[in-house]
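Shared chain: chain A. Partners: chain B in the first complex, chain C in the second.
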Partner chain A sequence: MDSFKIPANINKILFAFIGIGAISGALGFLVDPQKAWPGFLSFGFFLLILSLSGTFFAALQMISGAKWSVVIRRVAESTVAALPVTAVFIILLFFGIHSLYEWSHADVVANDHILHQKEGYLNTPFFIARVSGYLVLWLIMGYLLRKVSISQDTTKNPETRTKLVKISAAYILLFAYTFTFASIDLLMSLQPHWYTTMFPVYTFAGLGLSGIATLIILVVTIQNYGGLKEVTAEHMHDLGKFLFMFTVFWAYIAFSQHMLTWYANLPEETYFIETRISSGFWKYFTIVLWIFHFLIPFILLLSRDVKRDGKRLIKIAWFILFMCFVDVVWLVFGGLEHDGHVLIPLMWMEAGLFLGAIGIFGYTVLQAYSKAAQIPVGDQNLKASMNFHQTH
Partner chain B sequence: MSLESVKNPFHIGKTFKQIDDDIMRPMETFPSKTWWIAFLIAASLLAMFAGILIYSFVKGLGIFGLNNPVGWGLYIVNFVFWVGIGHAGTLISAILFLFRQRWRTSINRAAEAMTIFAVMVAAIFPLIHVGRPWFVFWVFPYPNERGPLWVNWRSPLLWDVFAISTYFIISLQFWYMGLVPDFANMRDRQERFKARSKIGELLLTVKKITLRVISLGWVGSAKTWHHYEKMVLILSALATPLVLSVHTIVSFDFATSIIPGWHATIFPPYFVAGAIYSGFAMVLTLMIIMRRTFKLEDYITMKHLENIGLVILVTGMMVSYAYTVEFVIAAYSANKVEQYVFMNRLAGPYAWAFWTMFACNVVSPHFMWFKKLRNNLTVLFIISIVVNIGMWFERFVIVVTSLHRDYLPSSWDMYVPTIYDWGMMLGSFGVFFTFFLLFVRTLPVIAIAEVKADEANDSLHAAH
Partner chain C sequence: MPSLHEIKEGLFSYQESEKGWVATVRTPADLLAAAKKVREAGIQNWDCYSPCPIHGMDEAMGLHRSWIPFITLVFALLGATLGISYISYIDLIDWSIVYAGKPYFSWPAYIPILFELSVFFGGTATVAAVLILGKLGKISRKPINNRITSDGFAVWIGDSVSREKVQEILGNLAEEVSAVE
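== the complex of A and B ==
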């Protein structure tokens, strides 16, 4: 089995994206550092969910014993390659803790009873230690899964699958808890008084949805350049169903969180949604988010033909991926204030950073993908996956 | 290639006649002694249930342990418990169908029956709890002459009415549509039975006509099957969101309030996971008993039970995750009231209930990590019972511990269920099992047509 050769023009495009991202990031910090840090956090968190999503998907397929997805497993496993660079960006974010997080200001904490009580958890050294801990764990587990999976290509040992199932089960369990805390630390603590139990599930829904969208984009792009011939319309159909499922799941979680918050109307909880739907800019931002993140993809993905056609599905996947980024921006920026005014993103900087994230992610993942066989050639279920047909 | 070489673990390898005979045997023979004993116990519990019900109508709700802060007691606990049980059936028939989980075929019929009976039992509790059940039709919004009296659309309790009745109707439809080919099968088998008396002849005629009507003229042509399969697919897609919506709405009953311990936004997915958890545990209990007493080990194999064990493991960990998030966020919130509720659960007067729940729901599913234990009938049976005890206590913890300490310490009170409360709970099992035991004697407990279709597919693949 030949490995995938990255076409030169793809690399050119990705480098251009990285360039745009770097320039807009730098310009953002020059123009308005107050807004640049949240923009950078949105970029970092978005890159983080993309890099984690593939390993999560691969692990999920492994523990459920799914056979159809074996042909795309290698693509999913490769996303961990973007994690080291992401880790660097997250570490760079540590320099912005003071600009981003209210709880890092000793004077604010001293005058704020609630923050004072939270000081044991929300303080800079512990924050850095926690976030670094998650990153190390994710890197180890992600690379382990990929390494073991690739080792099967040459050994063809069916026992490897059993080992992979065990690693995957451990990964999912650890991932659930670490990602929960990462969401609380990185995003929830931006509005440090605010809390709600659904929040980690909400960020996970975004992770799942953007992960499937990424997978579709990667698979179709690789196919367009002559790779992954084993992936057929049958596999695309299942990926499309996954995309549909996560679109609905995201809406379900978002609705439950917001509706229950709105209904109970508790002051310490409501202001999360209040800041995002009362004022002019954020009101329209939120309405656009809900329509474009759920309603339109939902209607488009109902069609069976669209799900089976990679060329059409990739367009929706790009759209959804962008909306997932918008969702992260919404989470980061929506509650921020500066001198009593709501903070409005620079927009051009975030758009540039989105392209930058795509560039970095695409480049690192494709590099890693091209280093091993395109499909797990040693897997005993590969044949079943290649011959896979929808039964209904 | 011969059939033996097919590697499908769910392949049965019997002739269609044998399958018919095996599955229809319980319906075509006189009930065994075991069945009669079980039925007698269940029916007496049902009678007790009805007795307490009538007594409560005569005496009033005062016979139950409800008091001022704890206005929702065992009634609501039992309601949520039974609705939760009612999740597994349609999940197995609809969601596992969409997930192409073939092992669902042998267990979906009984699981759906379980769902329908569980929802029926669940519905009794709010019915009594409304206080004047003879006016219960007021929950339906229809043009009436009661002046401005209209349902309160803002109340999640009303959403419940719609969520549960819709779920019940669709589940019933699903169950019935799945039964149609089997009814036709039963209809065609009637020829072999000869009555020995006049009354017998009459009964047989009634049965024949009934079967003819309810099998809707099914002939089993290719075209009929084609339509049938399309129908199952569409119905599955429609039923899938319904399965999730029911416990979501039930969780809204609590989460829309501002009572600490009830108002948590994670409740919807947490309740759904818990419902699937308890539902599958109940399926496991019933399947283990059923396959043994009706000698259906070839159809409901250890592999089926093992898979149910895995579902229990996964959903059990989801439930544990939700508990953890609740505690973590309460700790993080720096909200005194929120923190107190959770500390009170851990160490308050109802700590015994909390720790029972913890041991049953959080600890016990982890035995399912081990293949040896997943293949051990005794372990599986114990786990299935333990999980359901745990899930019952989960609802008890949520309902009672959140209510019994009101905001004003002067309003604090303990909730002690009376003998009538416990009688109602025990009686609800009687109602459920009476229906279930009647079901196993009157309808095929395994979807015969679906099992045959899978067997036929296997031979087709084997021929290539």
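== the complex of A and C ==
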């Protein structure tokens, strides 16, 4: 089995994207640092969910014993390659803690009873220690899963699968806790007075959706350049179903959170949604998000033919991936204020950073993917996966 | 979108006639091969019997896609429409009451009802469609071969074709060819 050769023009495009991202990021910090930090946080968090999603998908398929997905497993495992770069960006974010999080200001905390009570958890040293801890855990587990999986290519030992299942089970458990707390620390603590029990589920829905969209984009792109010949319309169909499922799941979680808040009508819960739908810029932003993140992909993905056709599915996947980024921007910026004014994103900077994230993620992941066999050739379920058929 | 005629054809393509020949085969793979041969021979009135679902059978038999998902969609939309009409009629026209200081038309509260009724209408309509279109629940029908409900696989071909023709099409795939009266 030959490994995948990255075409030169793909690398050129990805480098151009990284260039655009770097320039817009630098310009953003020059023009308006107050708005640049949240933009940079959106970029960092988006890159983080992309890099985590593949390992999560691979681990999920492994512990559920799924056979259909074996041919695309190597692609999913490769996404961990973007995690080291992401970790560098997250560490750079530590320099912006003071600009981003109000709980990091000693004078604010001293005059605020709630923040004072929460100080044991929300304080700068503990924040840095926690986030660094998550990153280390994710890196170790992600690379371990990939390494063990690749070792099976040469050993062809069926026992490796048992080992992978054990690593995956541990990963899923760790991931559930670490990602929950990472979402709370990085995004939810931007509004430390806000109470909800559903926020990490919401960010997880975003992770799942953007992860499947990324997987579809990677698989179809690799196929367009002559790789992954084993992936058929049957596998695309299942990926399409996953994309559809997560689109609905995202809307379900977003609505559940919204409806419970709306029913109870408690001030400490409502102000999250109130700052986002009551007036002006954010009202239209939210309406656009709900229509383009859920309604349009939902209707497009109802069709079976679309889900089986990689060429059409990749277009929807790109669209959804962009909307996932818009969703992160909505989460980060929606509640921010500066000197009593609602903070509105620079837009061009976020658009540039989106391309930058795609460039960094695409380059690192394709590099890693091209270093090993395209499919797990030693897996005993590979044949079952290659002969996979949908029933009508 | 398909024409109304195509939908009607798709819904009522099941053959009720039982007279003909039944050829038993050994394995699911043989059944797939046999189905392909019968289809390529251009025979119209035929069917396959298996105790379990076989992947790729639809392609081998040349079956087009089932119309049942469209029935589900239509009835789900009907359920959603009925749900929203009913609850907004109550809240806006028939019995307007202010609950918890919310407006009369409180759409977030309607979504769960809308969802439940879509699922209920879509689900029951699907089950009904499967029963009606598959002509299931008929107890007077005699089995064409006793083994096809446990461990046997068989191809049934209508009596417009002779026994010799059946044997010629299937060749050595067929274990035994017997007549069904």
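We adopt the following convention: the second predicted complex is superposed on the first by the 391 of 392 C-alpha atoms of A that agree within 3 Å, B and C clash if a C-alpha of one lies under 4 Å from a C-alpha of the other, contacts with A are read in each partner's own complex, and residues count from 1 in each chain.
In this text, contacts are C-beta pairs under 8 Å (C-beta built on N, C-alpha and C of every residue); 3 or more make two chains touch, one makes a residue touch a chain.
Computed from a predicted model, the values in this text were never measured in an experiment.
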{"item": "Contacts of A:R304 with chain B and chain C, given as first, second, both or neither", "value": "second"}
{"item": "First (chain B), second (chain C), both or neither touched by A:I114", "value": "first"}
{"item": "Chain A residues touched by each partner, larger count belonging to chain B or chain C", "value": "B"}
{"item": "Partner chain(s) touched by A:V165 [first = chain B, second = chain C, both, neither]", "value": "neither"}
{"item": "Partner chain in contact with A:L266 - chain B first, chain C second, else both or neither", "value": "first"}
{"item": "First, second, both or neither for A:H389, with chain B first and chain C second", "value": "second"}
{"item": "Shared contact residues on chain A - chain B and chain C", "value": "263, 265, 391-392"}
{"item": "Chain B partner contacts - residues on chain A that touch it in the complex", "value": "114, 117-118, 121, 173, 176-177, 180-181, 184, 195-201, 248, 252-253, 256-257, 260-261, 263-266, 268, 391-392"}
{"item": "In the complex, chain B residues that touch chain A", "value": "100, 229, 233, 241, 244, 248, 252, 255-258, 263-269, 317, 321-322, 324-326, 328-329, 332-335"}
{"item": "Chain A contact footprint on chain C (complex, rising order)", "value": "53, 55-56, 58, 63, 65-66, 69, 73, 100-101, 108-109, 111-112"}
{"item": "In the complex, chain A residues that touch chain C", "value": "255, 258-259, 262-263, 265, 302, 304, 387, 389, 391-392"}
